[in-house]
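Both complexes shown next keep chain A, but they swap its partner, so chain B is in the first and chain C is in the second.
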Partner chain A sequence: MTPSQRRWVFLVAGGGFLAFYLWGLVGLPGFGHYPGPYGDIINAIAVSQTHATAVVSAVNFEYRAFDTLGEEFILFTAATGVATVLRHLREERDTSAMDEAMNRDVPATSDAIRMVTLAFIGPTIVVGWYLTSHAQTSPSGGFQGGIVLATAFVLVYLAGQFIVFKRLSPVALTDAIEAIGAGSFAAVGIAALALGAAYLSNILPLGSTPGAVNSAGTIPLISFFVGIEVSAAFILIIGELLEQTLIVREGNR
Partner chain B sequence: MSIFPFIVVAWVLAVGLYGIITSRHLVHQIVCLIVVQSSTYILLLGVGYRTGAVAPYFYDIPPNTPAVDPVVQALALTDVVVEAAVTALLLAFAVQAHKRFGTLDPEELRQLQG
Partner chain C sequence: MMTALQVTILVLVAAGATAVVLIRDPVRQVVSLSIYGLLLAVLFMAFQAPDVTLSELTVGAVALPLLLLLTLAKVRKQEE
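On to the complex of A and B.
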């Protein structure tokens, strides 16, 4: 199929989609008129039932915890997939030269970049840790915190060398941490089973004050495990992708 | 214009799909897929929105304050994570495709295989 043919097929299909979409919108409640009832019910009961003031986290780590477990394993599988797809093949080492940039020097990291990124590493870790540990109180959680924690490692890469990034996050260790994070989430559910409750039910004491950091039972615990799983998964993925570009750089030096 | 946000959803979806079918570069195509998926965020958050309601966080407001639907917001979070995972995997495939075939143009890749 030529590109122009493809464009025509797309225009016809897009027109059909638009017609059905508009037809469907006519029967829906308009924007700003949320009809309920699920969101309203959860908003009404979540705070007293889970002692978490962040209802989105309560949904993710309590009411839909089983779905979140699946979501976390999607990330786990994707990290494994990236590592598998980008593994070193035997013939690759021989052809890794890539002479395209031979006549150019690899520029050294400038002092300005190094200063700014070094200054940001500490605050980034603090913010990431804050987000991971405050899922039950405010808009945060393990997914957001994990990404920010992984960013701290990317800053290490920006500030210095890929070698330092690799030394700080050796693949075997990051792999193990990722597996521990993912497995512990599943284990929290199994602990509930052992106590005779349903899988992933909130078996820990809820604490007396909704909104306190040490409230909401298993929600902060699951958020913590999700946080370390997500940060390890993204450090692995970023490391694998960076390694692809840096094979070239090492060859040039 | 109470359906305006849903029209934006259709627009973002269509722009992303158009980019995918006309793209001549795999990385550009992956970015277009991100655009397509972004339309689902607008749809999810738009479905759960209620005029004048607050975010579903009751840390410093009374628990019975009208709030937007927290379920679709949790789904949007799931959506973002899955998108990041899928993007990483697709980029890895693009790297391998470039290594093996020396091109990232979908048309040329098709000719190589055909």
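On to the complex of A and C.
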């Protein structure tokens, strides 16, 4: 196919796409005019039904908790896959790591980076924990909080201590925490089944005050389990990748 | 109605996405991707979606660029 023919094929396809796209845009509801019924219904009933003042969390961890469970296991599977694939490669490279390290200069971490990252580790853990534990009261939740918690471990590495990062997050422990987080989420649902309710329905007392930290029944519990699962999965993925890139550096120490 | 802030940030996001595509050096691309994630987070905030803002901040601006940087480091090591 000559370049000019290719250009014609593109122009026809692009023109057709543009026409259909514009046609579709014309049929959209106006900006800010949501036509579906579900949003309004949820807004009207969520706070009285779940005692969670963060309605998005109520949707995520209660009304569609089963979907969230599926999403959680996507991450779980991804982390398992990364760990499996990279573990094999690591063994392959282990023997050459020491030899390569002999003539390689490891750049020292600057004091400025060390200071800033060390200063940020504490606040990062606090923010991560706040996000994980306040899903029911304010916009947050286990997914965001979990990643922020895992970032604290990455800061430990950035402060220049890969060994410390590995010591703080041994693979066996991280694996176990990840599995406990994912499994406990599923177990909350099974507990509801055992009590004769629907899977993942809110079986715990809701608390008297909507918006209190100890309200909303299973929502903060599920958020907590999601939080530790997500942080463990992320630490595991980062740890495996760091080990891949830094195995030479580690051998030098 | 869209506010001036929303229009501004929409334009910035479009510019940021274009910049990510046009930058060809992978490391620079990852840094610009992180900034683009930050812009997207501001966009979601301007459209009153704080939950999505937090997700975008953690995943788009931090986690994804970090994973990509580590992958690049690994690839470069193999090329040496």
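Just so it is clear, the second predicted complex is superposed on the first by the 219 of 253 C-alpha atoms of A that agree within 3 Å, B and C clash if a C-alpha of one lies under 4 Å from a C-alpha of the other, contacts with A are read in each partner's own complex, and residues count from 1 in each chain.
Keep in mind that, in the parts below, contacts are C-beta pairs under 8 Å (C-beta built on N, C-alpha and C of every residue); 3 or more make two chains touch, one makes a residue touch a chain.
Computed from a prediction, not measured in an experiment: that's the story for all the values here.
Chemist: Given the alignment on chain A, is it a clash or a fit between chain B and chain C?
Modeler: Once both complexes are aligned on chain A, chain B and chain C fit side by side.
Chemist: Considering only touches as defined above, state whether A:48 meets chain B (first), chain C (second), both or neither.
Modeler: The first partner, chain B, only.
Chemist: Going by the contact rule set out at the top, does A:188 touch chain B (first), chain C (second), both, or neither?
Modeler: Neither chain B nor chain C is touched by A:188.
Chemist: Name the contact category of A:237: first (chain B only), second (chain C only), both, or neither.
Modeler: A:237 contacts both chain B and chain C.
Chemist: First (chain B), second (chain C), both or neither: which does A:149 touch?
Modeler: It touches nothing on chain B or chain C.
Chemist: Contact-wise, after the overlay, does A:31 reach chain B, chain C, both or neither (first, second, both, neither)?
Modeler: Once the two structures are laid over each other on A, A:31 reaches both partners.
Chemist: So, A:139: does it touch chain B (first), chain C (second), both, or neither?
Modeler: Once the two structures are laid over each other on A, A:139 reaches both partners.
Chemist: Is A:6 touching anything from chain B or chain C once the two structures are fitted on A? First, second, both or neither.
Modeler: A:6: touches chain B, not chain C.
Chemist: Which holds for A:222: it touches chain B only (first), chain C only (second), both, or neither?
Modeler: In the superposed model, A:222 contacts neither chain B nor chain C.
Chemist: Between chain B (first) and chain C (second), which does A:56 come into contact with in this model arrangement: first, second, both, or neither?
Modeler: both
Chemist: In whole Å, how close do chain B and chain C get at the C-alpha level once superposed?
Modeler: 5
Chemist: Find the residues of chain A that appear in the contact set with chain B and again in the contact set with chain C.
Modeler: On chain A, the residues that contact chain B in one structure and chain C in the other are 31-32, 54, 56, 139, 141, 143, 147, 234, 237, 241, 244.
Chemist: Quick one: in the complex, what on chain A touches chain C?
Modeler: Where chain A meets chain C, its residues are 31-32, 54, 56-57, 131, 139-141, 143-144, 147-148, 151, 154, 234, 237-238, 241-242, 244-245, 248.
Chemist: Considering the complex alone, what residue numbers of chain C touch chain A?
Modeler: Per the stated touch rule, the residues are 1-2, 50-51, 53-55, 57-59, 62-63, 66-67, 70-71, 73-74, 77.
Chemist: Quick one: which bits of chain A touch chain B in the complex? Just the residue numbers, please.
Modeler: By the definition above, chain A touches chain B via 3, 6-7, 10, 14, 17-18, 21, 25, 28, 30-34, 36, 38-40, 42-44, 46-48, 53-56, 58-60, 64, 67-68, 71, 74-75, 77-79, 81-82, 85-86, 92, 137-139, 141, 143, 147, 210-211, 230, 234, 237, 240-241, 244.
Chemist: Would you mind writing out the residues of chain B in touch with chain A in their complex?
Modeler: Going through chain B, the ones touching chain A are 2-6, 10, 14, 17-18, 21-22, 46-51, 53, 55-59, 63-64, 67-74, 77-78, 80-82, 84-86, 88-89, 91-93, 95-96, 99, 107.
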